[in-house]
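Following are the structures in question.
Each of the next two complexes has chain A plus one other chain: chain B in the first, chain C in the second.
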Partner chain A sequence: MSLLRYTLRRFAQAIPVLIGIVTITFFLANQIPGDPVEIMLGPTPAQEQVEAIRAQYGLDRPIHVRYFTYLSGVATGDLGLSIYYDRPVLEMIMLRLPVTLLLMLSAFAFAIVTAIPLGVISAKRRNEPADHISRIVSLIGVSTPSFWIGLVLIIVFAFYLGWFPARGLVLPWADPADVRGAATRIEVLRQTAHHLFLPMIGLGTLQMAQITRIERSSMVDSLQGEYVKLARAYGVPESTIVRKHAFQVAQLPVITIIGLGLSTALGGAVLTETVFEIQGMGRLIITAINNQDYQLIMGTTLVFGFVYVIGVIVTDITYSYLDPRVTYGDE
Partner chain B sequence: MSEPLLSVRDLKTQFFTEDGTVRAVDGISFDVNEGEIVGLVGESGAGKSVATSSILRLVDSPGEIVGGEIEFKGETIFGLEESDDGELRPRDEMLTEEEMRKRIRGREIAIIFQDPMESLNPVFTVGGQLREFIEINRDLDAAEAKEEAIDMLREVGIPAPKERYDEYPHQFSGGMRQRVLIAMALACQPDLIIADEPTTALDVTVEGEILEMVKDLQEKYDTSFIWVTHDMSVVAEICDRVNVMYLGEIIEQAEVDDLFYDTKHPYTSALLDSMPRPDETVDELRPIKGVMPEAIDPPAGCRFHSRCPEAREVCREVHPEPRDLSEDGEALHTAACVKHDAFDVGYDASPPIDTEATGGFSAGFTETGGEAE
Partner chain C sequence: MSINSATSDDDTADGGDESGGPDEVEARVGLRYTLKQVRQDTTARIGTYIVGFMTFVAVFAAFDYYILDYAIAEAVLYNPETDPENVRRLLPPVGMENQFGQGVLEHPLGTDHRGRDLLSRTIYGTRIAMTVGFLATAIGLGGGTVIGAVSGYYGGWIDDVLQRVTETIYAIPFLVLVIAFMTAFGRDLTFAMVGVGITAIPVFNRLIRSRVVSIREEDYVEAARAAGVKDRNIIFRHIIPNSFAPVLVQATLQVGVSILIVAGLSFLGFGAQPPTPSWGQMLSASRGYMLPAPTFSIFPGIAILITVIGFNILGDGLQDALDPRINN
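After this line comes the complex of A and B, so read on.
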C-alpha cells in the first residue's frame, strides 16, 4: 500500500539526516576544551595512568579514525562506553529513555486532552468570556518557562498543600517489592500517577498553551469556511458542524504544532527532570556534559535527534493520512 | 393567481459595524411562484447575497434581519409584531431556529454558492458529503442515500459517478464541482433552490453547459429557482422574471422579455448597455459611470441619481418606491423611477442635474455625504 511505502521511504530519507547529526555531534563534542580523563583522575594524574585510560577508551587514536569507528559503531547499535558511568552508553540510555518518554507522553496527553476542547470552545465562542479566559491562560502558558512553572507547582502543591510529592518518580514497571508502600501492581501505578502529576503539568503547560492557540485560530478559520456555510444551509446541526465539518480541516496545523512540540518538549524535559529530580534522559545529558563524557554526550544527543526526526516523520504521515490533498508523492 | 411559493415583503437586513449601520437590504419585496426561475440582478454590493441568506435566516454576525416578512408555503420564516410595550418581537408563528434547520434548510430551500472550489469540504469525499446532506434532508438510510447520490451525480453529467463518488473535491475541476453542488441541491428535493452566482467563477463554455443543464433539470423536477447574478446575459438565458437590485433596493421588476425590450429604469438600461457585445470593441463599451455608493450612508432621494444619465434635481429629493407601470392586460412591471408619469412629482419641469460636472469616478463620493444635506 502506498501509505506503507511512503512511511518506509520517509524513514530511508531520514538516514542522511541521522548521519549528519552523528557527524556534527561527534566533532562538536570533541571540540569541548578539557579532557574527561583529567576529570576522572583529578588535577595531577600520573602520565602512565592517563595514557592507559586514553587507550582504554580509544582516545589516543587520531580523530578521523575515531569518527569512522564511532560511525560504524552507531550503525550496528554500539554507542560506545560511558567514561563516567563505566557502562555502555546504550545501556544507560535504555535505562533512562523510558522515564523521559513516560514524562513526555503524559505531558502531551495532558496538553492534547485539555488544549483541543479549549481551543474549539474558544473558537466557537469567539470574543465571549470563555474565549478571553482561554486566550489569557494560553498566553500565560506560552510565556512562562517550564522550570518556573515546575517550581511554583512544587511550592504550592507539594510544600504548602502537601497533595503531591515534590521529587522522584515511581516507575510503573517497577517491582512492587521494591516500592515502598506498594504491594500490588495497581498500587505501584497509583504511586506513579501521583508522582507524575506535577511534572506532567510542568512540562505540558507550554504544549497545552501552544496547541490551544493554534486550535483556536485554525478553528476560527475553518468555521468561516464556505463548506461550513454550506453545511448550515443544508440543515446540518451546529454540533455536527463543529465536531466534524470544521474540526477535521482545522486539525492539520494543530498536528504540525504537536509534531514540532515534541522537540521543544525534549528540551523542556531536561529542565523539568532537574526540577523534580527525576532520573531521565535530561539528567543523563547534564551529567554527561558536566563530566565531559564524550561518548555519553554523543549518545544522548543522537537519541534526541532521533526522537525529533521520528516526530517529523510521524507528523508527515498523519498529515497525509488526514488530508487527501497531500499525496504520497508516487502518483 | 395561486399563492406564491415564496413571498418576501419589505425585507430589511442590516449590518451593525463600527463605522455605522450598513443597510445591505433595505426594504425589498418580491415573490417566487412554483416552477419559476426568478432573477436577482445587480452590481457587486447591491445586497443580492445578503437577501438570499436572509431567506434562509443565515445572515452572518454582525448582520441581522431587522424588518419585513418572509413567507414560504404558508409558513413564516421571518415576521415581527409589535408587543404591548411597543417593542418589536418575533411573531408566534415564526419558525424557530430549530425548525428552520430541520424543516426548511436543505429540505425545502437549498442553496448553491458562488465558489465551487471552496464550497466542498476538502477532507471528505464528494460522495460522502452528498450522502450526508441527502440523509439529513430526505430521511433515507445511508445505503439509500448513497444510491440516490450516485444517481444524482449521473443526472448532472458526472461521468463514472460510482467511481467519482469516492473521490475528493480536489480531484474535480471547477465545473465538475459546481455540478456536484447542483446535484446536492436537487437531491434534497427542495421546492426552491437559491443559486447565488453559481456560474460566476466558471469559464464561459462551462457556464453555458451548466445553464443548459439547469434549464433541463428545472423542467424535469419543476423546482423553483432564485438565480442571483450580475450578468444580464445569464438572466436572458435562464430567468422567467427578474428583480433588479441597486443599493439594497429592488428598483425594477418585470418578466424577462419586458425587462429587456421595455426597460423602465435607467439603472437597468445602464446594466444592459454595459454588457459586452460581439459587434462592439472594448472602446465602445459603456460601463456605468462612477461606483456604487456605500450602503452605510445611501444618497438621499433616488439612490441612483448620482450616476444616472437622466437625473434631474427632483431625483435628489424624492425617494421613489417601486410602482406598477404595466398597462392593462400586461404582466406586472414595477419600477422605481420618477421619470414615469405615474409618479407625478414634476420630473419634466425639474432642471437636469449637471452629470458632467459630478460625473466620472468621483460622482459616487461627492453625492453620498455632505453635499446632499
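After this line comes the complex of A and C, so read on.
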C-alpha cells in the first residue's frame, strides 16, 4: 500500500475518535452550571429578551437536537458564536492557534536538538560522568513543573540579568509598522525569537528530558545489536557505527515518545502561556471558562483534541516512513 | 487501529518479561519479592527514602490539621489575622535581606504576600499533593485495571467499545480535559482528583490489557479454565497478580505525574481553593512578587521537584529491581 493510501486510512480511522472528542466536549459543556444568557444580559433580564437570545443561540431546543446540530456544525467548520467576544468561535481559534503552534514547534525543536546529542553521548559513555550528568538533568527535567521553570527563568533571565523579556510575544507575521522598535521583517523576527526564547525552554524542558531518556535507552539497545557487532568485526570506525548503524534504528522509539509528548506539551502550553502572558489557545480556553462562554469552551477543547490527534497521525506516518519493517498494510 | 498504534507494540514488548515457566513467575511476584529487590537496588532505595520522608511530612501535617487543630502549626506559624498590626509580608528566608526586611528565624523560609509562614505552608502543601497524587492514581489504577482486564480477557465487541472510549479520553490533552471536567462539575480539589484519575485510566487500561492478552493464552490460565474456574476468578486471582510488577512501576510514576498535573491545575485556579495551602496555588500567588521577593516563587517549586523526583527515582528503581532480564 502506498504512503498516500496509508495516510488517508489513518485519517479515516481517526474520524470516530474525533466524533468522540466532540461528544465528550459537548456533554461536559452541557454540565456547566449557570446560565450563559444570564451572564450576557445581567442578573435581571426581561423575559422576552431571554427567550429571543435562547432562540438565537438554539438553547431552547432539546439536548439531542442541539448535539446533532453541533456535530454537523463542526463537520462544516461552524463552531458557533463566542458570547464573550461576540465573534465566531472559529475566527477566534484561527487567531490564537498559530501562536500556540509556534510555541509548541519551537519547544519541540529545542527539545529534539538538545535531547538527541545528550541521549547519544549518554549511551556511548554509559556509566561514565557524562552519562550520569545527562541522566540527572533528564530526571530533573521530567520532575519539574513547566510553569515553575517558566517562573524561575523569568526571575533569573528577565528580572535579574535583563536578557529576555518577561512576557508577551511578537508574532513573526505581525506588520512591522505595528511592532515597536521594528522597521523591517527581519527585526520583527528577531523580536519574535527574543520573546520566544524563555517560553520555549520552559515548555520544552520536559520534552527534552523525556526524549533524552528514550534516546539513551534506545541507543544502548541499538549499540548492542547484531548489526553493530558485525560492523565492529568488519573494522568500521566506532564513530561511523554510532552515526550510521546504531543511530537510525534507535530513532523509532524516539518518534513515538515525541507523539505522546504532544499531549503533555499541549497542556503545558496552557500553563506556559499563562506564565508568560502569551495570547494563544491556552489563554483562550481559560478566558472562555472564566466567562462561561460555552461555545468557546467547546470549540477550544475540541481543537486541542484535534491538534493532538493530527499530531499523533503525523508521528505515526513518520514512523512508518522511517521504519523499513513497517508495511502500510494491515497491522 | 489505535491512534497510538505506533506505541502499542512497544508496550507489549515492555510488558512481556522473559521469565520462563509458571514456577519462575510465581517466585517473581508479590510484595515480599518486591521489598527484597528494592532493598538491593540503590536507586530504588533512595527513591523510597524521599517518598517515605514526604509521606511522613504529609501525615504530620494531616495529623496536626485533623487531630490537633493546627496546634503545632500555630506554634511555628505566625497567623497574621490574629495580630493585624504586626504583619510581616514577603520576608526573605533567614540570613537574606530584601526591601521588606531581613529574614528572621521565626520564618526560616520567609513569609508570603499576606504575612503567612512559607515553611509551614509548604509543609501543609505536602498533605494536599500526596493525598491527591495517591488518590488520583488509585482512581486511575482501579478504573484502568477493571476496564483493561475485562477488555483484554473477553476481546470482541466489548474490547472494541471499551478501547474506543478510553482512546477518546486519551485523545484530549489531559490538562485541558481536566479543566473542562472541573468547569462542568466543580472547581475544588475532589474534582481535580477525580479528573486527574480519569485521565490516568487509559494508561493503566493499556498496560493491563496488553498483559491480559499475553497471559490469557498461558498454560496455567488454560488449566484454570479447563478446571471450571470462573472467568472473574481467573482475571482477579491469576492474571492481575501476575501483572503486579509493571503496574507497580507505572503507579509509582503516575503519582508523580498526578502531583505535577494537580500543581498545574492549582496554578491556574482549579483545585485547592484559598486559604488551603497548595503548592500550585502558592506559586500562582507568588507571580505578583517575583521581582521584589523571588524566594516566594522558589520554595513551593522545590517541594514539587523533590517529591516528584522521589516518585520517579522509585519508579525507575522498581523497574530495574523487578525486571527479570536485568536480575538474571
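One rule holds for everything that comes next: the second predicted complex is superposed on the first by the 328 of 331 C-alpha atoms of A that agree within 3 Å, B and C clash if a C-alpha of one lies under 4 Å from a C-alpha of the other, contacts with A are read in each partner's own complex, and residues count from 1 in each chain.
Quick note on the criterion: contacts are C-beta pairs under 8 Å (C-beta built on N, C-alpha and C of every residue); 3 or more make two chains touch, one makes a residue touch a chain.
Model, not experiment: these values are computed from the prediction.
With the two structures aligned on chain A, chain B fits next to chain C without clashing. With both structures placed on the common chain, the touch criterion links A:Glu51 to neither chain B nor chain C.
In the superposition on chain A, A:Asp78 makes contact with neither chain B nor chain C. Rounded in steps of 10, the angle chain B-chain A-chain C defined by Cα centres in the superposition reads 70°. Looking at the shared chain after the overlay, A:Leu322 reaches chain B, while chain C stays out of its contact range. In the superposition on chain A, contact of A:Gly235 is made with chain B only, not with chain C.
Greater residue coverage of chain A by touch, when chain B is weighed against chain C, goes to C.
With both structures placed on the common chain, the touch criterion links A:Ile24 to chain C but leaves chain B unconnected.
In this overlay, which is a superposition and not a single complex, chain B and chain C have their closest Cα atoms 14 Å apart. Within chain A, no residue touches chain B in one complex and chain C in the other.
Contact residues on chain A toward chain C in their complex (touch as defined above): 13-14, 16-17, 20-21, 23-25, 28-32, 139-140, 142-148, 151-152, 154-155, 159, 253, 255-256, 259-260, 262-264, 266-268, 270-271, 274-275, 285-286, 289, 297, 300-301, 304-305, 308-309, 312-313, 315-316, 319-320, 331.
Only residues 1, 3-7, 10, 164-165, 167-177, 179-181, 183-185, 256, 260-261, 263-264, 267-268, 280, 283, 286-287, 290-291, 294, 297-298, 300-301, 304-305, 308-309, 312-313, 316 of chain C touch chain A when the two sit together in their complex.
Chain A makes touch with chain B in their complex at residues 225-227, 229-237, 245, 248-249, 322-325.
Within the complex formed with chain A, the chain B residues making contact are 56, 58, 101-102, 104-107, 110-111, 113, 115, 118-125, 132-133, 136-137, 168, 170, 181, 184, 188.
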